[in-house]
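Each chain gets a letter, A, B, C, D, E and F, in the order it is written, and its residues are counted from 1.
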Amino acid sequence: MTLSKERRIGRHATLLVLADDKTEQQDLIDRLPWKSCNGKVGSMDSQKVVAAIETAAKQTGVIQSGVYRETHALYHATMEALHGVTRGQVQLGSVLRTVGLRFAVVRGNPYESEQEGEWLAVALYGTIGAPVKGLEHETIGLGINHI
Amino acid sequence: MTLSKERRIGRHATLLVLADDKTEQQDLIDRLPWKSCNGKVGSMDSQKVVAAIETAAKQTGVIQSGVYRETHALYHATMEALHGVTRGQVQLGSVLRTVGLRFAVVRGNPYESEQEGEWLAVALYGTIGAPVKGLEHETIGLGINHI
Amino acid sequence: MTLSKERRIGRHATLLVLADDKTEQQDLIDRLPWKSCNGKVGSMDSQKVVAAIETAAKQTGVIQSGVYRETHALYHATMEALHGVTRGQVQLGSVLRTVGLRFAVVRGNPYESEQEGEWLAVALYGTIGAPVKGLEHETIGLGINHI
Amino acid sequence: MTLSKERRIGRHATLLVLADDKTEQQDLIDRLPWKSCNGKVGSMDSQKVVAAIETAAKQTGVIQSGVYRETHALYHATMEALHGVTRGQVQLGSVLRTVGLRFAVVRGNPYESEQEGEWLAVALYGTIGAPVKGLEHETIGLGINHI
Amino acid sequence: MTLSKERRIGRHATLLVLADDKTEQQDLIDRLPWKSCNGKVGSMDSQKVVAAIETAAKQTGVIQSGVYRETHALYHATMEALHGVTRGQVQLGSVLRTVGLRFAVVRGNPYESEQEGEWLAVALYGTIGAPVKGLEHETIGLGINHI
Amino acid sequence: MTLSKERRIGRHATLLVLADDKTEQQDLIDRLPWKSCNGKVGSMDSQKVVAAIETAAKQTGVIQSGVYRETHALYHATMEALHGVTRGQVQLGSVLRTVGLRFAVVRGNPYESEQEGEWLAVALYGTIGAPVKGLEHETIGLGINHI
């Protein structure tokens, strides 16, 4: 059940959202038989963040649209990542703050053993703060789930 | 109040904990007039994680031991980082899980304006899971505070 | 202060929301000198769930409309039940999920000792998930309060 | 992706923990190609509740001991059930309370579509209160996860 | 159901814990047909705070020892007050912090209408911080419940 | 690092929001080289509470508008105070409740040592309850932060 060093899926996803030029990190992921997508979302509505990630993951085929268990796995990974971003209450506009986030979803097998199957990593990186440009600091979140 | 791209303190701290070879990332930080430290801690006791970070930050001079406001700034940044790691309840052993974490604390001025002064970033990366080797997945947390 | 086995109020309320045919369970409750009501509510707005339960409890006389302490007892029992339903953040639409719930409110004396007086149980059962039919799983919550 | 009425796995698990005589409900579950186990645990240590459920599920073969993804699925389902039991903070002894719980773990396919595969339900029912016999009321929790 | 200005029970309890000389505030409370007690507790164990308040309230007759509904009312009021003190996670030692608190429990009728009966206020005031003298700041909490 | 008894900033701020006639308490604060403001806000929208406090603190010069670190210090102090007011979930309208609050923000040096610099206290006092006049009880919150 050991995590493979080359296949630390959360590290891959986080390096992808941290990369200003994604080419190098994307290449590393593309060498693995994995699926991934990334994008940006900015909002005071937390549900828009959840929706943007789900939409991207479905449109790029990272998860299957017609299978609820895949949506469920992604939903909980996203919520876990949002805990890192919000640090206490998974709320944005209702506590007068907004986020500007890059997100990445990576799907692959991080463990040495084949039995462990596929897992999902959702990484978020960006800024959180008052709804005024500049009144913000960085924030990160990572959610990991089996799929 | 704009965040300086080269001085994204949270990104620096996170890249440091993600780096298997820290040299390159440490060099980037050392080019700035900043202070930083890093280390490792593994425990089922959440207070030991908090203590390890505080001890390292004080021993390396990242924060001043004799000034409570610096301890206070670090404490809240650490707690915020632990929210990302624990994703819901800042508890380890009491919910039968353990962590093996690398940590980094970086202190510097991330904003263009001098008035914004110094800030602190606490980054955590490692694994969380059952107290059995291998029954674990990755986890990340980042806390940012003014100091 | 022992809980009476026949008067486990939370169990009664939960069996009522779980029953597809409520007759049998309702009969059991009706043999006790208790008050109860039940209904359904589906929404992405958590406040609508709270309001539906309060309205039903007041209209059926389970609690008295003009007495705040009764509203207060019901409110906290409802919030506790919502913790079971939402498991972490008492939020629905703001984290892009919706519920379809049956609810039951039961008021009675669950303890052997008369001194313990009346208590309230709020039980919830149904589904929670994405705002798309079928992308959902079951959920349960129970709140108990003295009244 | 519709939930099958006869295979509402959370309802099955909850009826099992609510049953004083488990025969009838166990028979209903045994007619399905499902796995299940149940037991009792009383403690002020929340980790003992988590451990008792995991141990029972592994010993009865409801989940496979050697596969982390199954332990992970059970862990999160258990934590979700504990949210219903604790309603706010997943803490027992540290806030001076104790639980006496029956638990059930059921594994099966609750959805009409085969693609949805297996899911896990963890149900908890019992009492929560001060560490003094009788100073307690009922409590329920249900966690559902894909496996 | 209007709150009586002279009988704002939470304000009375809070002024009592804030008073360095309690005589004047205690006199104001004693003019009302109310019961109250106060004391001090310092600990890293959150359960000791809960226990100290319960013990004082029972020994002074503010609540009846033999009646669970009174213990239940006090427990939830105490937990609500601890939310104000801990601001996020009701944890002390497990996140490496300690408290030194004065507490007050006041029982009386704060509403104009007699029907509203008795309520309970638990007020806490003191310091919270690292387990080192001086590395601490002030903290306050108030819980209100019907009894 | 000892807290000065005369300069307990949280106690000053709380006494100010508790005072029906603020003159005496305001005088005590005005004798210190401190800044303070106070006001009222009533809303079901939690963001309006946050905004009212920020606006008052900026308009009265308690914090500097153009410096993000001051807004950041105030934001976290306000969020901590809201934890005391909401006791579990920092939500108002979304769980069908409303607040009527007095607030005070005090900025000053509470510690004996000059090194500890300035701190901020945000105190809140008022009522919380159903959006119906009278269906409410008192609530208090206090947040403290270095600035």
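Rule of thumb we're sticking to: a residue touches a chain if its C-beta (ideal position, glycine included) is under 8 Å from a C-beta of that chain, and two chains touch if they have at least 3 such contacts.
Quick caveat, the model's predicted, so the values are computed rather than measured.
Colleague: Looking at the contacts, which chains touch chain B and chain F alike?
Modeller: A, E
Colleague: Would you mind checking which chain's C-alpha centre is most distant from the centre of chain F?
Modeller: D
Colleague: In terms of residue-numbered contact pairs, which of B-F, A-D or D-E coincides with B-E for over half of them?
Modeller: Having compared contact pairs by residue number, the answer is D-E.
Colleague: Based on the averaged CA atom positions, which chain is farthest from chain B?
Modeller: Computed centres place C farthest from chain B.
Colleague: State, to the nearest whole Å, the distance from the C-alpha centre of chain A to the C-alpha centre of chain B.
Modeller: 20
Colleague: Would you mind pulling out the distance in Å between where the CA atoms of chain A average out and where those of chain C do?
Modeller: 36
Colleague: For chain B versus chain C, what separation do you get between their C-alpha means, in angstrom?
Modeller: Once rounded, the distance between the two centres reads 43 Å.
Colleague: Residues touching two or more other chains, restricted to chain E: which are they?
Modeller: Chain E, residues with two or more chain partners: 1, 68, 72, 79, 88-89, 91, 94, 119, 134-137.
Colleague: Viewed as a graph of touching chains, is the assembly arranged as a line, ring, star, complete set, or other?
Modeller: other
Colleague: What chain pairs are in touch here?
Modeller: A-B, A-C, A-D, A-F, B-D, B-E, B-F, C-D, C-E, C-F, D-E, E-F
Colleague: Can you list the chain F residues touching chain B in their complex?
Modeller: 1, 66-69, 72-73, 76, 111, 113, 115-117, 119, 146
Colleague: Sort out for me which residues of chain B touch chain E in the complex.
Modeller: It is residues 45-47, 50-51, 54, 68, 71-72, 75, 79, 82, 89-91, 94 of chain B that touch chain E.
Colleague: Okay, in this complex, where on chain D does chain E touch?
Modeller: Answer in residue numbers: 88-89, 91, 93-97, 129-130, 134-137.
Colleague: Which of the residues in chain E end up touching chain F in this complex?
Modeller: Within the complex, chain E touches chain F at residues 1-3, 5, 8-11, 14-15, 18, 20, 79-80, 83-88, 110, 119, 121, 123, 125, 127, 133-144.
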